[in-house]
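Worksheet for the structure shown next.
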Amino acid sequence: MRRVRLAVIGLGRLGRVHAENLAWRVAGVELVRVVDARAEVARELGARRGVDWADDAAAVLDDAAVEGVVIAAPTPTHVALVSAAAAAGKDVFCEKPLAFDLAAARDAVAAAAAAGVRLQVGFHRRFAPDWAAAVDRIRTGELGDIRLLRTTLRDMRPPPRDYLASAGSLFVDVTVHDFDTVRWMAGEITEVTATGAALDPEIAALGQIDTAVVVVRFANGALGVIDNSRAAGYGYECATEVVGSRATVRIDQHRRRHLQWLTPGRASVDWVRDFTERYPEAYRAELAPPCLAEGQGNIDFFAGA
Amino acid sequence: MRRVRLAVIGLGRLGRVHAENLAWRVAGVELVRVVDARAEVARELGARRGVDWADDAAAVLDDAAVEGVVIAAPTPTHVALVSAAAAAGKDVFCEKPLAFDLAAARDAVAAAAAAGVRLQVGFHRRFAPDWAAAVDRIRTGELGDIRLLRTTLRDMRPPPRDYLASAGSLFVDVTVHDFDTVRWMAGEITEVTATGAALDPEIAALGQIDTAVVVVRFANGALGVIDNSRAAGYGYECATEVVGSRATVRIDQHRRRHLQWLTPGRASVDWVRDFTERYPEAYRAELAPPCLAEGQGNIDFFAGA
Amino acid sequence: MRRVRLAVIGLGRLGRVHAENLAWRVAGVELVRVVDARAEVARELGARRGVDWADDAAAVLDDAAVEGVVIAAPTPTHVALVSAAAAAGKDVFCEKPLAFDLAAARDAVAAAAAAGVRLQVGFHRRFAPDWAAAVDRIRTGELGDIRLLRTTLRDMRPPPRDYLASAGSLFVDVTVHDFDTVRWMAGEITEVTATGAALDPEIAALGQIDTAVVVVRFANGALGVIDNSRAAGYGYECATEVVGSRATVRIDQHRRRHLQWLTPGRASVDWVRDFTERYPEAYRAELAPPCLAEGQGNIDFFAGA
Amino acid sequence: MRRVRLAVIGLGRLGRVHAENLAWRVAGVELVRVVDARAEVARELGARRGVDWADDAAAVLDDAAVEGVVIAAPTPTHVALVSAAAAAGKDVFCEKPLAFDLAAARDAVAAAAAAGVRLQVGFHRRFAPDWAAAVDRIRTGELGDIRLLRTTLRDMRPPPRDYLASAGSLFVDVTVHDFDTVRWMAGEITEVTATGAALDPEIAALGQIDTAVVVVRFANGALGVIDNSRAAGYGYECATEVVGSRATVRIDQHRRRHLQWLTPGRASVDWVRDFTERYPEAYRAELAPPCLAEGQGNIDFFAGA
């Protein structure tokens, strides 16, 4: 069985998840190189998985054996890396957000198009079995007309200060997932009203917001509401509800283990703490051929932009 | 045990619930009269419960033995009935909304104050054990600072056309419950952004909206979001979530019976269909002394207006 | 509306529940007398609810105005009280178990039959809406043939030592509820295998068991399993499952309030602590006409004995 | 990274799961051969995953490059295959049950011991994260003394007739999983009472039982109850509860997707249909080094026999 040869650029929390998945949990792919600006991080992972490593992306771009790259480096590097990888003829999987603004994002898309390579943005929820199953059933008409969509995306606690400094606003860094999800599920957005608040003292000190409610109106007239928090406290949560004229679907999954603990007068369950606990299947599936290789997935993200 | 003598004016769906509760499910009260403009409705209920009946509220207001009235007649009659009952020296429980606009509501409150009678508006959620328990724990500080509040109020299907014609807009008729709830739970509102849509063809034909999302900002800086629907289809739902800096509380209860049915490949539960199924305890509790008799409950509703 | 005049004999935990229900939560009945061997207990309740009280059951049996009695006194008194009440021409509601052995139970049934009065045993689960709804649907054939029935009845902590001393064994005091339930749901039992253990030190010291598993075979060939505990620790639980050839039904309800509390890494709900929290509706319904007055309910309990 | 070279013998439903897992979902292993008596089945899978195939186990046993074998062939072949593989110096993973009777099982264990190879039986629940987490917490003493253990294992519908003909009785084929689980969780069994029934017409026609309740007493005095069904109808279910003196733990997970579908008056979830849907993680983990390679897992299964 031929395997697509891939490299991972950027070995932060999510980059390491991608590298491990490519190393042994995804069929049809072969991890051949890992890159991180911190040489010791790249070296350790390369040694553990028996692949070449480097502290500079050039090593990957110059390697003719690499067919595609997974970019999980900080957001400010995305557009340049996508463009360089495209110019080198590599297919590209890039973590979200592709860029901080629409013009730069379009530049990246144009670079991929000009080079004739595939470009996929890491909207993993598209590959999460729960959402995928919901969308399949929505597409069959089982819900009737969509009337109201509600989705929640909350982190347990804020990311590190240096991440916040380079990740862009809550809307660019977090809500971007929800914008993709709601357009995927309910169609194009025609109206947006956004409200934000800075309630966590650390985030307020950075001049950012940590809590947001975004109301949208869809082209079919339905309403949608997105709520986000960087500091939900109790854990990570991503849950979606779509109310239709004939049925309603809710997606949830928050338990770490399917255990229930009963102590005097109380029953409790453990809650997921971050996205890696919530989405193990999605992070594998989004990198599996034919996704990247075949251009499936969310390559049409900017089509409507 | 002395029992407070009460009369019910208006025997629609909720008026009949109130009358039955007063007849034999609430301690410390005695149902003595029932009134409905439809004489046969009043006669049937009066006969069944062994109390006097009439088709005109004057019969109640002129009866010195009646100490208080429960007004469940259509909204357009509320202000006049409250004022007349107050003038007759009766304590008053009036269904929501008290009036269609703020000025008229203040007139009703002023009439009660001038007469020295008690006035309670039928915000039953204040007496629903689930919400009351949540508020008790919020008041102890268990949640820390409130950061986000989310509440849903949806009906299974729209009310009859003639009800819609006289009930006022979705915001006045339905969201009014949520405005009371969120102020009770999270404090005063300083900013409101409301979005509505007419998605149900029948309601659209009446020039009304059936779906709404209302975003509020509270005085402490937290955000809140209310969603309402007159036609959720799957059933009735009222659910609230308050996200705090130290804990989060969710209130839900949608099952009609605590049964689960498992058929090939599926497990299902029955869902409540309307508010009478959801709130049997609250509708009893809101009429029990010392609530009406002692002026407890939501008499301070307009304090902040 | 004519109301059936009833007296309560025995004002322990459950006797007080019955008395309060008769006083103001059940339509069609009137509480007229309360009796307890502890005069101060009877006096306090009688005063609070405005009814006559006594410390001897004779006061009730001699009162021609009393139409029926609710016997909630200790088990050793049941047979004599039932017989005396029957002889006095009173309809009888008697708490479970009717007696400690079959012969005595049959004497009590015979006494009621000879006097022409009604006799109902307090198997409240027959009146619990969840079980009643399940049985209704089982009767329609929705489950197909019953294949396996599983039911749990557990107390949070053991009852007081003096209760244990007079209540009979775990099988007589607790499992009796389950024997009634499983026969009601799945038909006659043809084979019983019982296993018990004494694991709680206090109960073991009394020479009793606190944990039991009882396997039964039904006349239709299906199997059933009952598990009981006097010291489940986490709370009270009563849950039943019936597996059928076409569907399966599960009954559960353990939450005190429909609240969920989320704290870091955990979501928890409060659990019911005893049967009074679990069955408020059943305890009202079992005393409501036409149940007692019409001989409905479980009057046929001993038919198959 | 060195990878342990493994072969799979027997490509039925579970054998194919094992082969796919070894091919690309488990780190540290390499699938090198597949065998099935049906040549076309072996050929198809071998071709798809690029490994050698054969219709005779001898091809594997003679291949010096194969370090270990996964035996998923029919139960009657287990003892001979284990012995032959051990004699050939291969480590062995064998599906349950190891044999139909204790003497034969001990022969297989002795063969492995004599050859100095590792032998692991496919009790996947030992590697299921939910059970493993429960056991970890039980081992810390969080539950206190175990008092009652209840476990359910049910199939949606009976296996094919030819499987039933060679798989042994319900107790040997199915309950064997539960015997392993309850001993793992609660310690040695000192007393067993088993009850069975033939309720499914097809299984009854084969002279087998399809429903069983097994009550056990543990060495510490606690009780346990196992219920099994080959024809639960609604789906597959494996759930365990352990009641302790200080806490109680429940394990459940039955949903196929974390979706809830709401239709008028009803909310439903999809239910898992078989063990492959329920245990994807366990089937990967039980084959991952160091399990097989290091002799971890349940190699001590027969220690107490």
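Which chain is which? They are A, B, C and D, in the order written, and residues in each are numbered from 1.
Keep in mind that, in the parts below, a contact is a pair of C-beta atoms (placed from the backbone, for glycine too) under 8 Å apart; a residue touches a chain by one contact, two chains touch by 3 or more.
Not measured: the values here are computed from a predicted model.
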More contacts between chains, A-C or B-C: B-C
Chain pair among B-D, B-C or C-D whose interface repeats that of A-D, sharing over half of the contact pairs by residue number: B-C
Centroid spacing, where centroids are CA-atom means, of subunit A and subunit C in whole angstrom: 55
Approximate Å spacing (C-alpha centroids) for the pair subunit A, subunit B: 43
Centre-to-centre distance between subunit C and subunit B (centres being mean Cα positions), rounded to whole Å: 36
Residues of subunit D whose C-beta touches two or more other chains: 233-234, 246-248, 262-263
Subunit A residues within the subunit B interface of the complex: 144-145, 147-148, 150, 154, 193, 195-200, 211-213, 215, 217, 221-223, 225, 227, 229, 231-234, 243-248
Subunit D to subunit B touching residues, read off their complex: 156, 233-235, 254, 256, 262-271, 273
Complex interface listing, subunit A residues touching subunit D: 1, 23-28, 48-50, 129-130, 133-134, 137, 246-253, 257-263
